[in-house]
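Please go over the structures that come below.
What follows is a pair of complexes built around subunit A, which joins subunit B in one and subunit C in the other.
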Partner chain A sequence: MTGASPFSYDRLLNTVAAWALALLWILPLAYAVWTAIHPAAYEARFDLLAPLTLENFVKAWQAAPFARYFLNTVLLVTMVLAGQFLLCTLAAYAFARFTFPGRNILFTLVLLQLLVMPDILMVENYKTMRLLDLVDTIPAIALPYVASGFGIFLLRQTFMTIPRELDDAARVEGASALGVLWRVYIPLAKPTYLAYGLISISHHWNNFLWPLIVTNSVETRPVTVGLSVFSAIDSGVEWSVINAATLMTSGPLLIAFLLFQRQFVQSFMRAGIK
Partner chain B sequence: MRNVTLKREWVLGWLLLLPSMVLLFAFTHIPAVTTFLNSFYSTPRGRRAAKFIGAENYERMLGDPVFWQVLWNNLWFALGTIPVSIALALVMALWVNDRLAGRGFVRMAYFTPTVLPMIAVANIWLFFYTPGFGLFDQITGTLFGWPATNYLGSPETALNAVIVVTVWKEAGFFMIFYLAALQSIPQSLKEAAQIEGANRWTIFWRITFPLLMPTTLFVSVNAVINSFRLVDHIFILTDGGPNNASALLLFHIYEVAFQHWETAYAATLTVALLLILCLLAIGQFFFVDRKVHYK
Partner chain C sequence: MVDAMLASTGKPIRLEAVTRRWDETVAVDALTVDMAAGSFTALLGPSGCGKSTTLRMVAGLESVSEGRILIDDEDVTTRSPSKRDLSMVFQSYALFPHLSVAENIIFGLKVRRVSRSERDERLQKVADLLGLSQLLERKPGQLSGGQQQRVALGRAIIAEKPICLMDEPLSNLDAKLRHEMRLEIRSLQQQLGFTMIYVTHDQVEAITMADQVVLLNSGRLEQAASPRDLYQKPASPFAARFIGTPPMNLIPASALNKTSGASSLLIGVRPEAMHLQDGGPVSASVRAVEYLGADLLADCEIDGAPFQVRLPARRTVVPGDRIELGFEADALHVFDADTGRRRDDLISEFGALTRS
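Right after this comes the complex of A and B.
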């Protein structure tokens, strides 16, 4: 099929262009890595033989309470994910398999959240958090995202593809509504949970604006806000240290992505198509 | 008997929904309504409670040059990021979908920016843009002998510099959707066209591109919403400056609410943002509808 010679010339050109773009695309990250693993003296001087060092990472780690920031982010991401899985599963089950008055209106209201994210309503949400006396706590960062319109929609779509016969069979055996959900629906929707989980984790690991507003102490700040605070007082901090800190905060996600590249890409695809 | 089971189903359905609905109302629907209501009141200060002032906030907004500038910036930002990142995403997807040498690396290179936090991305690029010292100035300096340029610090280039960063971050994300769509196009269509003697260019414009139309629309919807929602990098790169040259609407709302503490005026600006999003949604709904019939 690809035997003809003008065809392979075309292919060569495409390959070269694709690679050129790929190198251009990876360049910013590669450059950040380069400055982070070399002494500050080499941050703007390209020398292949420059000595390698981890000193920048050590400096960054000591200059700001990154350990605490990481703990906060992990707590936040876990809290959001656990809440989303629980609440979105229940809501999606209701929308997929139950008939009750008001179902369509409520579903429209859920979909509305795809357009109007909680970040946009930050002023009012901040007031609510003050009213609940939750300002500067990790639950305050998590709560607005727990009932996720996207999650409910995604899981509902998956649940609707599960044949009703399985549902009926489990019921004949005496399973309750929640028993059916637990034994039939959730196991069959595992790929969707994986996809949604990866998207949710990467989204909330990276989220910035709302955490910035609702936190104001080291004990609650996630890494993104911590990083911005760290690089904002940059008068004395060297670029190589800032780059090390930047890589450090995105590190876990980046490594996870490189290890599970296929799952990541497929998750994003799956979530996008449905 | 049947009636009783029906009623039980209703109650069960409502109960399953209850926790989600409580949170959705608490953090999305009720705040949207109170934002609208608060836009007709003055900002409460100290012991002075908010008082009804009618459309005064709206008059102020319409007469506020900063509001118009920010809106204009947002429009320019959308026009600058959306077509470029979508076109790049499509090209990337076509390449990665091909049997290309080193495809794994190329795909990883395109997609990696998507996984990075916007704050980290901004930090990396801030270093690039550093006048005299960053990579940009080093390259243009050695190649063309240009003097050091403060891309982020001058009003003419600040927003464009932000646009470049956004395109870098988003193109790989949109690529994924095109990739998914490309893989669902039956190979037989292309083979049939090849037998008819069509070249790759014709195949792309007559077969692939039209079949990708729904994806293009889906991606556009996402891109437009993102262009009004994505402001994290502005905090790091320019802080909206110089002189609001790179401030976007949501960023401006943040400034008004949490730096000037004018919450009522911020509510008014939020209403404007919600209105824009609704108009976009309605517009796209009709546009998408028409295109789907065409398919």
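Right after this comes the complex of A and C.
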């Protein structure tokens, strides 16, 4: 028996490659952290003993209405998530447990939505928002995303794994169709809701292009757009302040990632099933 | 022993020509059965005979293609399950995995907005009755099969519904537990007085528990009768062979008695109804012998027709022997192979023939 040899080139290469990629990946973030907590003079100069400062954060916070941007983003993300949970749950329940004429065609259309890049529809969406007189409002950013084909698909698959007999039992015990959904399906699909919620929040927190197009005032801009407006100032690029602002805006997501790391990875694994 | 609080009075159920069809296949074909209030009815049959479908139609979980279902003389054919005032125990128990035992049991009461104090009071009673008091905080996943079964029973009886439906509730238990639960379910039903419909493919369960056995075969009613009648007077060759182990011997009349011209008749005698009798009317050759301890099961042959006889174990019979057998005249069954019906009018005739 040769067994597991203590030294193997394959393993060594794997480890080295993993570390190299990881370092490459973390470099921008490390640089952002480095410049954000040091005075501007150290932007391009590495000195372990450089003085630490929080001044960049203060400067960034004061330079742009980030508090307002944060509020906007939180409102946006909450709105999208609430809309998605409501609509996707109802649609997924209908697709999973009811038979009605045209069900398969409708579900195919929902699946087709997964193939369409949202960016393609941007002009169309803008026209719709104009029609609804919603341009430059937070609902305008949220509306195109509240009915998510992916969410419907994910929840439908989860609902379909729930044994039919549980549904029957709840109905014999007197629960209505919506009662069964509320008391049986939703509680049993909790892990899926968590995973999907994490994906949705991270996606819409980071969404940039559509909010950039549809908003043009401080009252509606989410942090991503606010940050880009902020970093595009003409008076020279001050990396330390920009990076401090960037860290600030992505901070909540980073914390959420650290807290829900396991579910986060799982959710993307689930997302890969599609 | 049971307080008045948990006692319910059953309601009669009547199926009138109930039919269930899926496209071309007929799962249940014009089934008409009466179930008396407070009685225990077993729906019995091989798998795929439509017994579960029938139960689900009574529950309202399956729609009825034709015919009517009456509960307490009210037509409930199109009513939703929750409006039929019944409870159900499923084969898989269908316990909600995210709820504790207590929450599972009071699920229906909660849905129906019964007050908390009454819920707690009833839960206490049911838990005591079924010996679940120590387990109320557990999740179903932490229980054994037998305990899960009790929780499912608890959920079914707590609301004191006049009707309880059970779909093969014991099929996931081991033999010993199954026997215990059989007695327990039967005594529970008698104590609480609800009308029970119990689906099973196990004839022993049906015979031992039920007041009335409804025997189904490929969607059609073979016979609805008390266990005793079903055993003693099976209405068809199918019923004759389905009830009793080993099954009843059915041989063409021509093989038994050459003088009989009616070739489409089948003569049935149960293996346990035959005994060795020198000079008896039936003479057979033994092909194989199974030793069962208390008795012997001998595979015999009469004119090419296979035949089983249960004999006392003290008699030694070996393959190749010729034995002569007799039986009482009332152990004889005659069926018409063409119509599949029982021909009681011919029994005395054949009885006389075989005796002569």
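Operating definition for what follows: the second predicted complex is superposed on the first by the 252 of 274 C-alpha atoms of A that agree within 3 Å, B and C clash if a C-alpha of one lies under 4 Å from a C-alpha of the other, contacts with A are read in each partner's own complex, and residues count from 1 in each chain.
Criterion: a residue touches a chain if its C-beta (ideal position, glycine included) is under 8 Å from a C-beta of that chain, and two chains touch if they have at least 3 such contacts.
Being a predicted model, the structure only gives us computed values, none of them experimental.
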When subunit B and subunit C are modelled together on subunit A, clash or fit: fit
Which superposed partner A:Asp10 touches (first subunit B, second subunit C, both, neither): first
Partner chain(s) touched by A:Ala169 [first = subunit B, second = subunit C, both, neither]: second
Partner chain(s) touched by A:Ala50 [first = subunit B, second = subunit C, both, neither]: neither
Partner chain(s) touched by A:Leu212 [first = subunit B, second = subunit C, both, neither]: first
Residues of subunit A touched, compared between subunit B and subunit C (which is higher): B
Subunit B versus subunit C as contact partner of A:Leu112, first or second or both or neither: first
Which superposed partner A:Ser202 touches (first subunit B, second subunit C, both, neither): first
First (subunit B), second (subunit C), both or neither touched by A:Gly179: second
Vertex subunit A angle, Cα centres of subunit C and subunit B, expressed to the nearest 10 degrees: 100
Contacts of A:Leu194 with subunit B and subunit C, given as first, second, both or neither: neither
Least Cα gap, in Å, left between subunit B and subunit C after the two complexes are fitted on chain A: 5
Footprint of subunit B on subunit A - complex, ascending: 10-11, 14-15, 17-19, 21-23, 25-26, 28-29, 31-32, 35, 44, 86-88, 90-91, 93-95, 98-101, 103, 106, 109-110, 112-113, 115-128, 143-144, 146-147, 149, 152, 177, 202, 205-206, 208-209, 212-213, 223-224, 227-228, 231, 239, 242-243, 246-247, 249-250, 253-254, 257-258, 261, 264-265, 268-269, 272-273
Subunit A-touching residues of subunit B, taken from the complex the two chains share: 9-14, 16-17, 19-24, 26-32, 34-35, 38, 91-92, 95-96, 98, 100-102, 104-121, 123-128, 130, 133-135, 138, 168, 172-173, 176-177, 179-180, 200, 218, 225, 229, 231-232, 235-236, 250, 253-254, 257-258, 263, 266-267, 270, 273-274, 277-278, 281
Touch list for subunit C against partner subunit A, complex: 56, 59-61, 80-82, 86-88, 90-92, 94, 96-98, 107-108, 111-112, 155, 159
Complex contacts: residues of subunit A adjacent to subunit C: 163, 165-166, 168-176, 179, 183-184, 187-188, 190
